[in-house]
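The structures come next, written out as structure tokens.
Same chain, two partners: subunit A is paired with subunit B first, then with subunit C.
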Partner chain A sequence: MKQRKQAIQPESNLPLPAGRPPLTARKTSCLLLCLPLLSTLITGCWDNRELNELGITSGSAYDWEDNQWKATYQVINPSSGASGMGGSAGGSTTSPPFITFTVKGKTIMEAIDKTNLTSTREMFFSHSRITVLGEAMARHGINQIIDMFLRKQDARETVFVFLAKGEAGAILDQLMQMTKNQGAGIQLMIEQESRLVSYYPGVRLYELAMALSSESGSAVLPEIRLTGHKIMDETTEVAVTDLPSRLALGKLGVLKGEKLIGWLTQKQAFGLSFITDKINKATIAFPSHPKTGETPDASFILQNSSTSVRPIWDKDHYVMDIHIKGSGVLTELGSDMDLNDRASISGMEASIEQHVLELVNNSWTEVRKLGADVTGFAVRIHRSDRKRWKQIEQTKSWDNVFRDIEIRPHVSIKIERTGLSNKSFKSVQQK
Partner chain B sequence: MNGKIDTAQAAMLVINTILPTATVVLPVIISNYAEQDAPLSILLSTVAGLIVAAIVGTAIRVSNGAPFLTWVGERSSPIVATVLGLFMLQFYLDTTATILREFVNFIKDNVLLNTPVTVLVILILLITIYMVRQGIESIARVNSIVILLYGFFAPLFLFGIIHEMNVHHLLPMFDHSLASLTLASITPTTWMSEVAVLLFLAPYLKDPQKARIAGWVGLLFVAVLMLFSLVTALMVFGPEFIKLSAYPGFSAAGVVHFGRFFEKLDILFISYWVLSIYLKFSIFLFVTIECFKQTFRVSSSRPFIGALGLVIALECLFNWQNIDKLNLYNKEGRFLTFFLFNVLVPLAAIMLHRIQRARAKRRECET
Partner chain C sequence: MPVHSKQGRKHTKDPVETVIPAPCPLSPSLDETLQEISLRIGTSSDVIIRRFTNESLSSLSLAFIYIDGLVNADTVNQTVIQPLMEHVTLKSDAITADKAYALIKDQMLPIGGVQEGKTVEHMLSLLFEGYTLILFNGLTMALAADTSGYEKRSVNEPTSQGVIRGPKEGFTESLRVGTSMLRRRLKTSDLRIEEYKIGQRTGTGVALVYLQGIASEAVLAEIRRRLDGIITDSILESNYIEEFIQDGGLTPFPTIQNTERPDAVAGGLLEGQVGIIIDGTPFALLAPSTFFNFFQSSEDYYQRYDISSFLRLIRYGAFFVSMLLPALYIAVTTFHQEMLPTTLLISLAAQREGVPLPALAEALLMELTFDVLREAGVRMPRTIGPAISIVGALVLGQAAVSAGLVSAAMVIVVSFTAISNFVIPSLAIANSIRLIRFLLMLIAATLGLFGIMSFLMVLLIHLAGLYSFGVPYLSPVAPMIPRYLKDIFIRVPLWNMPMRPKTSLGKETRRQGPDQKPQSIEDQKKKAQLSGQQKKPQGEDQA
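Here is the complex of A and B:
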């Protein structure tokens, strides 16, 4: 017990030897000595970086050319002005808002390092918004790019990934009118598209990695393209009201394993969004009187949509029971119709359902032809039928199982509101 | 300086004794074995941890909060206590060195890429030695503030990531065999067994009889926070991607965003983690020094803190410089040593006490 008391005794209660200065004076002198020493700790050690020595990258593009990686980096130009480009004022107005570097290397990092041969600033990737992969590179394989993004400390795994049919680097040269930072502009474009139109999902790099490493082993990436042939890369060229060439979203690329294997059209991509429950909001054009003609003359904004997929084993193949439920508001009507009549509404609902059904079937036909499970059916089967999934995994027969899958889509759409008119304008004119 | 701490403070010390490195090291190891069933293995290891806490708490109760090695010496012989002390000192030196290495590795990987490891080790050690010199009461007070900050950081993390989470990533549940789950829960169990530091904190507990409660409460909080970290990472990244990432919890923090204004907030969470790892390292350094004091029966440890710190720094720099060696030790080697020192040693102490008490009773009956 004696030792126990010793162990917990305060250790600073020892008497001070005679002749020593008082404790407070010693402490003050120690503190005064230590304060200048502490300043050595706030220098950032070996990792300090000056802002005016960094080239802040807002976008990157990767191509595969002559068995080499060709990387293009879009770097924010700090001396650029804001005239006509949005943002704040200041700096030169003729100077472009960003500059691009194109470098080649046997590996991606070797290419990145080569930027230091031409640039006065060290590349800084933490503010990157987008990355564009060229078709040739996507067909060669994208595993190395994904690995680099996940491994490199300042690479950002939340960048949005796009495909380009031609040279990906050319996309980064194009100036945009409404925004100064092109990388951020493209990010806004895809976010807005997936929020309001839902044709293509905005795919971030970690989501791409997740999709490719999942049971399905397949992923989709939207295409970014130029609408014209000319690249608008001079600030004077964008000082017009209607640009002859703009950036736009095109098709939807389908990747299997690590390689691009095909493309889905806009309609097929839209159908896929229904299957994979990626619809946030969408406008559907449909014929209000399908019996009299197939030409769409009415529009419906789908405000809520949900899809449930249930795999059912049917003798020798899987049947995917797909239930799509949605609701929204009628926004346009070109035919003679009284919207107080329930039958008219039901007829239009049936027409929209038929349209969605066609989109889904059309999309599934193409996806099955490509043989890439971008629908996520493998994940659904694993979750609901573990035993059979283990068999499929053991026999490595997923590709065959996928090819034999039959889908049974059921669509239920409800027109909840009809807007501010009870009748179509055409019906009033006839009276 | 070394005042006494109450049961709540002790429970909070237990949380930061286990959690900081557990959130960094465990998710990869667990998810490699159990994938989406990883939360189940956390629950299994928590049960094992609660048993260890019960053993440690009982050992403290029977010794009535006496310094552990001194009490063992009184009950057996001073030679046994010294030999056991030497082994335990070696164990705590190794463990503290691995904590320092995990700390340095994380900082090197995520924040300070170019700063030499030696500089980081020296800086961390100097700060921690200062903390330890202030005594356990000061550490416990700072620790309580850091634990309370969870009330800010956990909701911030959750609200920033909630739109990225998909509960279906946790399916199918019970997809792995009991053998896989057991393998997955072995490593977290070794972390949970770190509750045994209470053996050396016992002399500073206001109420040593409640050490078991402190251990249990601490472990339950650790389990909840580990589940929070692991389940959110799983719901964001899914079971396959989580295996790729060296630090899944912090990768999830990298996805946290509030609108387009606040993005890439991982550095904020890393800063908070650094706060808590400093406390973990200081607790282990304190326990190592306590072990040294009790083994060599020195009344004041102050002259030895620097020397022990130097030993830890050298072990960290030269013994654990290979990351694959550290990973292998964490995955396979830890369980054996931790089971020996954190479970068997206190269990043997309890057995010793019970046997002696039974003998004493028999003698009383005979007389």
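Here is the complex of A and C:
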């Protein structure tokens, strides 16, 4: 053994490159102290939990009942194959993809903790996709909810927030077809809607918080509702092709401060999307011959749209100069227009513009009536005219100023393409 | 008296003295010499001693000694015994031992390697190498003729480091075959082969191979010093040498490469490395080796640079996968569930529903199972080899999942980890992370990603502190030498690498001329036009 030791040690005499002083004890301890700092890179929960100890919450709903918080949680039931995976995990199709707990508490966290009295698993909120607020609760005030979401470690600010007329918890019970994870399904629904139809903006919790804390102090939330009266909460019930009752997006709730103050209809919500530049893609039905008839007989897909809003101080009130520019494709034509004629195209463009203008005006009338600045005008004014904004802020007269705002929408729509045929089928047939 | 007795060595304080005994000169009396020799080697049946005495009463008396099996019998008979026995002069009674010695040495041995010796030790060492000893009565000198010819394995395709394109021959156990393979590849006078004999009992031939001028003198001196310092009784494989001379005793990472491929050694020599070929093993060593050397396969240079670069990146990726994947799986599923996409989380949760063990135990179980299977696959007799793949597929596969022992995801994690481990071209570094993997799994189960990150930091610090014969282990990345990065993460085209990499510290740093990029006829025309205006070498690394 001695021999080996002798033979192995030569590295001590190595021709080491210069400039590598040995670490002093202080440096070493300094380095060791730096290591815990790395923990700041990792946020999130700090407990060792096995996956089968977790109740993965996909959605939550909050109601206000008897001066108490009533919270409903939707917890994924993994063994039902909620992810749509097949094979080894098996899982019967009759077991529901998720289960719901409804608990009450004086505070939200108290309610959450009460779930542990009945649930076998620890609630895990990081994968929540949606949260639904009941109307009663929204009218009572939602500040506490937002605070809880922002404060709690595993609560996600990226959940989509919805309103429900009536009891919010009932929404979470409804099973969906095609998607077993209902929370994720609702998320998909709103995302798809705002991408393809643009009636309602999908509002995430942080966006809600930002809107409520902005100069406007107002926000909108889409409503989620059941189309029928019955809640489809049995797995056997959803094994039909046409569900009698489905989840759907309804109206658009308007919040001012922390409270719900009113609703906008779908049309008004659409107009609001134009004002707030939330349009991604939208289909507009319009009359192709505005002079001869008012019934819409043509469709147009708006593919690009941009809105610029410019506040102008006009003597004693603000005038909002709204320029909406859009372009898209003609997709449907019921009249016998000759599309080779430039004039008829511009006629249709004018018709669409008129239609959009009506949407915007209609929406604005309702918004002004509610007195909630969901249009974001306050932000615009603050940015363009800081002096006057300060004055408004000091006198707290924004509500009055808002009511006096006059809008001047200008719409310019361009039909870029008319699809695959030049003539409408009607004109072909008439020949 | 056996000189190198183990007992004797144990009790003495200075081992050196007992191991190297005082040389014993040859006795003028042939009888005495033979007696001494037979005393030393005993009565081994393979030692052939043959006396050759003149029929007349002359004083000339010779003896041949050789070891059957180490010598080529035909050579001994035809070139040593036959000429000596038939030569007329030797038969005459007038010849003296002196004259016979000179005659035999200068005229009668049609053999290249003839050596003279004066001590018993020297003669014996030659004997064990396959020489035939010719001892003379009345002389204190003896002759040894190189008649060695033992059974050796023919040159075969390397089994541990295969290539699709490239030379298919590997080293054999014979040192001489090894050096000849290098000679054939490097026909330059700069190729130097220094031979050592290491191991008192094995007397293993060790050849230090390098290219004069390309290898660093400092590294060479260091390797020579370390080789000289080895005092052991046996060298049976190159790992013996590796363990005795490698830097930094306590590290899981190898600082010396081993390879079965002569082209890899030749490539290493051309980049300034020093090769060590050891008799008795087809695995040669290459030093100094940096961390990144272990990710270079000789095939990288035998196929297009783009695909080589891609494959090399894959190897680095596989290295991290092989080291980290089980640990990351444990960390993410037990600490950071929020990091997973929801769908994946739910399906993982679904799989874990019926699994009795916590994730760590599950992972450890499966990883250990795989290591057992792997070891079994190596040790198992060839003929029952197929059995292991069938059983292995059951243990590490769907059957284990169906039995409710492990989750399907864990099977995938373990399998992918295992496969990734085999992507790394060097088994040496692949093995080092096999151990680290277990450590990381334990850390991941207690500290999550934070633990993994901390451990990786420590590992990085450790790696950055390693040296291989004076070359920083992470060079040229740390210390960063950007111009040597051309052959580290990617391999640039050969014509774009005119300089040897950093490990070569010799004087000859340039390895090819400038402007080696192939030029089309159009390019040449353009260049001719341009050269009228300005003369400037085109896009060439001037480092």
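Here is the rule we go by: the second predicted complex is superposed on the first by the 376 of 431 C-alpha atoms of A that agree within 3 Å, B and C clash if a C-alpha of one lies under 4 Å from a C-alpha of the other, contacts with A are read in each partner's own complex, and residues count from 1 in each chain.
Quick note on the criterion: a residue touches a chain if its C-beta (ideal position, glycine included) is under 8 Å from a C-beta of that chain, and two chains touch if they have at least 3 such contacts.
Predicted model, so just to flag it, every value in this text is computed and none were measured.
K.L.:
Who does A:273 touch here: subunit B (first), subunit C (second), both, or neither?
P.N.:
neither
K.L.:
For A:126, select first, second, both or neither according to whether it touches subunit B, subunit C, the two together, or no partner.
P.N.:
Both partners.
K.L.:
According to the stated criteria, A:386 is in contact with first (subunit B), second (subunit C), both, or neither; which is it?
P.N.:
first
K.L.:
First (subunit B), second (subunit C), both or neither: which does A:181 touch?
P.N.:
In the superposition, A:181 touches subunit C alone.
K.L.:
What is the contact status of A:209 with respect to subunit B (first) and subunit C (second): first, second, both, or neither?
P.N.:
A:209 contacts subunit B only, not subunit C.
K.L.:
Applying the document's definition of touch, where does A:150 land relative to subunit B and subunit C: first, second, both, or neither?
P.N.:
first
K.L.:
Is A:47 contacted by the first partner subunit B, the second partner subunit C, both or neither?
P.N.:
A:47: touches subunit B and subunit C.
K.L.:
By residue count, is subunit A touched more by subunit B or by subunit C?
P.N.:
Of subunit B and subunit C, C contacts more residues of subunit A.
K.L.:
Would you sort A:288 into first (subunit B), second (subunit C), both or neither based on which partner it touches?
P.N.:
Touch partners of A:288: none, neither subunit B nor subunit C.
K.L.:
Using the superposition on chain A as set up above, list the residues of subunit A that contact both subunit B and subunit C.
P.N.:
Correct list for subunit A: 3-4, 6-8, 10-11, 41, 45-47, 126, 156.
K.L.:
Okay, in this complex, where on subunit A does subunit C touch?
P.N.:
Subunit A residues touching subunit C: 2-4, 6-8, 10-11, 13-17, 31, 35, 38-39, 41-42, 44-52, 54, 56, 58, 76, 78-79, 81-85, 87-89, 91, 124, 126-127, 129, 154, 156, 181, 184.
K.L.:
Provide the residue numbers of subunit A that touch subunit B in the complex, in ascending order.
P.N.:
Result: residues 1, 3-4, 6-12, 41, 45-47, 126, 150, 153, 156-158, 206, 209-210, 213-214, 382-384, 386 of subunit A touch subunit B.
K.L.:
Residue numbers of subunit C touching subunit A in their complex, please.
P.N.:
Those in contact with subunit A are residues 15, 218, 222, 225-226, 229-232, 243-245, 247-249, 333-339, 342-355, 358-359, 398, 401-402, 408, 445-446, 448-450, 453-454, 457, 461, 467, 469-470, 472.
K.L.:
Inside the complex, what are the residues of subunit B that reach subunit A?
P.N.:
1-4, 66-67, 70, 109-116, 119, 123, 168, 171-172, 175, 203-204, 237-238, 240-241, 244-245, 251, 254-255, 257, 263-264, 290, 293-294, 297, 299-302
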